[in-house]
């Protein structure tokens, strides 16, 4: 009854998911590993999954008879091909974001999954599994009336030189883009970006901070501050304003001290700590659905819509101040 | 040495300021009262200032020999004439907002005061005197680096039928318009208004909520949610994001209870309670300066700029989504 | 109608009350000053009350025809005599704590006031006038059911060498002793003191921290931590546990920042800042009652009971761990 | 490599641990079940562990060749015998609290384990594994200086009729008794109990609330309010006061709303929700150590000391107000 999983891509996240399945979660085991650098795959095998086979090619891993389900953790440009292969093989597939590097690529995956006739793909939007967002969704759905506005912030202490302006959308805002659709059960119809005074801590190729203004089909107005050189911490804020009241995403639990003339609670500085528990929950969800031969959670459709929405936000960065419309195709019944 | 004050307009706020000077604050006494309805003035005289003279006309009160300084608390359309008369008489004058009902009217007051050669007018922007904003300004000036963004909200439980869309600027946002200029030591260069889904609790002639987006000369981006049928309370929020960290306007002090399965702190529901202490402080400041024959605090120039900025915000309401430029004349040296 | 006040003792608190009456509060003026060091009185006269008479002796000040009411701000050992003189003169008298240096002395004042037949004395227990305690009392009286327990702390960053163990009662706990009687409308029936491990920051003649356990006539159990070398701040905590819920004294309002990997609010370090606003309110209350020829607020009886209760706490310090009974005489009807 | 576990006692907690091992945690499987009511064991087998053997007697389960480790979840009076049998069989054993119903019984287990020469027993004091207490211990060990005092509360909304006064120690305070020893790395030297006014919501055989005052070998003074009819929620509070500052156990993470004139965060009302995550962590810890043939976490010695300390607290209830000494035997080296 144990689900036999193969992992493609054994970098940081692939190694971590392997550990998770081998040592933390019940119900699954790692039987296959693959990486474009075979030595990396063998290192993970040695450390975490001594009984796993190592394959040279991801396609071979997907095809292997003893592989029931696949995790795609390789570099983004390879995701589309692996996911399509897993769908073709009829095997449930967990794909780290992005689902594909273009909206068109994501569309091809959606089409293939629709043709297959059942959900086989889960995209790694882990925030939906975070305990705080789960609590927030319950309160938004039941206690504050119709949502009217969302005020949000995504802040990071610092980013390296290679992080340039569009990455604020593709690598940073992408999480909000997905999680707000889920939180509000809604889609975007327009995007606008405005640039405040630039922080002196931002390097030359990055406009930082930015404010992204989104409008949804139901008329909700969302403002998201993206500030990736905010210095003070990794800080995710989300406030939903409804007709009857408002609700805030909880602060991560931490110790309050009274010391040195201050009442103080630590703020995380490393993004890897912030949603670490949600990785366990998302993979447990994958294992549970994959054991039934299907997938749940964030879908290919969600990955496709995230790609379309992101593209509009990048266009809105380039045409500062303009309101860029977002148009989505009709949603296939598979994703209702 | 006691400052002898005359009050024009003895409605709610005029009566309250009379009480404040007669019973709370040191250094001044009420010697004259006037109202377009003389019975109202006599009622305040009877209750609070038995030794005061009651004048039929505000102009007579301003001219009276024993009146050292004037409070203008009458209806907004009469402010300009009374303030001009006080300037002409060389008497310090505290004027409730608005300074005038048009930017042109405010300009005439600025011109008259500049011609008089000294500050004689204080405008009733009491938030600058609020303990919370005072604390916030100190922190903004010293602890969080250069300000880059302000996220704010002005929420009221409900408004009556006569409150229509432009009043969200003239009666509500006007406080933020003034206090952010002071907080940031900055001026506005553009305004944009977007309208979220309308609350079902808002009546027909009011778009509620609204989001006003302001840009300043120094590049600070400000977003203010105005939501005057928010149901839950009168709630003023302000967060300033700087290069090194961020600071929040404090919540009003209140009791936290643990009761009925909740950790809970009351939120005010009546706006009159929120800044009540700041009225004492602003009038104490007026008394102090007026005893020296001059005025301090929010100036005619501040009232004039507030009028220009408000007009742009109303235009931005009418041209939803458009970014409306705001242009100010040069600031006279008197207001440096 | 202006109340004419004489101040005996022009040290730190006497000077501050003089300023308060001369410059902040309506309804009173300083007409007389006295100090055992006449130069000190003259300095205050020069700075704050140029029209006041300076008297060599407090008794002369009390007797002066133009003095309507008296503030006793001199050194503690002189309070009893001045208060008795004020009562004898039939003049309302505000007396800084302690009312007297012994319970017997306080008893003589109570007896004199009862003989005079009306309230003439207000003791300077300013915490009853603090906005936070006022809010707490309202909630305790109406929202949390019958009080059962109080958990409290009185912490100070550091104390000088001359502060020895009994001063933790007479100078520090004395505020809690009074304010809890008022908060709970109750009296003490026993006291116990236990000593935790001594802080290495406490000097040789001081046991610090201490925990005082009080029991009231209604059965409420109170624990108060006294920690006067706590290092981190001046911090007053009070939590009342009732049958239906519990309520906390609010933290003083202050700015919350996000900076340096912490969400942080400053804690005061100087006790003089903590209750500074309540001095204004207590003196406004004195002025109002004294204008009617009487006194309100904390009474001679309260001062007397505080003295008896303090004596029991000091005995409980000396007999560590023992439960010391507290017995009060019957309360005269004047203080009902 | 999978640890084969047998569970004795399949009531609420035994069923829940079975589910945890079968469905949540990696590294172990349930191979055997036993209950004094065999039908109960078979029901759990059917629902959660279809491949497990069901044994009539716990002793048979312990002796079974394919059982590597044992969970004792049966009724308290049977714990001692099962744990002794597991030690005799050389098998790691997780025992729900109490380790034994008497201090003498716990002593016999300690002696047997010492004779066995290695740790084989983990006691189910799950609070040590709670994320909040883990955070608190780190801060206590590193940031607030030497601990001097602990202020704590253990509150429950209501208790049934059969919950009588001593159960406040044996069933409620027992968690604090263990976790504070671990938190402070210290032992108790005395206990005192005082009874506040009784809540009108407490039934006749229960004194509620109670305050337990503990003193440790290092001189730390601990006060714990036990209030099991507090009405408002299940609320665990713990504040450690150190020489340099103080630290609070975090509130459980929850959503803050602004609604109905209050800023509010829910408080749990069911104790089963409060430490639910820590059960996963404690059993993961058991699996990890048991796979090495030993045990870690709360030891038999901890269970024995908890029993001695509890007995002293019950004596302190009976001799209200008296300080009862607590004397421990020397700690065997096995538990250093």
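Points to keep in mind about this one:
For reference, chains read A, B, C and D in written order, and residue numbers begin at 1 within each chain.
FYI, contacts are C-beta pairs under 8 Å (C-beta built on N, C-alpha and C of every residue); 3 or more make two chains touch, one makes a residue touch a chain.
Because the structure is a prediction, the values reported are computed rather than measured.
Of all chains in the assembly, those touching subunit A and also subunit B are C, D. Although subunit A and subunit C carry the same sequence, what matters here is overlap: shared residue numbers make up over half of all numbers found at their interface. Between the Cα centres of subunit C and subunit D there is a gap of 45 Å.
With centres defined as mean CA coordinates, subunit C is found 59 Å away from subunit A. Separation between the centroids of subunit A and subunit D, computed from CA atoms only, is 38 Å. Each of the following residues of subunit B touches two or more other chains: 231-232, 244-246, 251, 258-260.
Taken together, the subunit B residues at the contact with subunit C in this complex read 21-27, 131-132, 135-136, 138-139, 143-144, 244-260, 284.
Subunit D makes touch with subunit B in their complex at residues 231-233, 235, 251, 258-269. Taken in their complex, subunit D has these residues touching subunit C: 146, 148-149, 151, 153, 194-201, 209, 211, 213, 215, 218-221, 223, 225, 227, 230-232, 241, 243-246, 321, 323.
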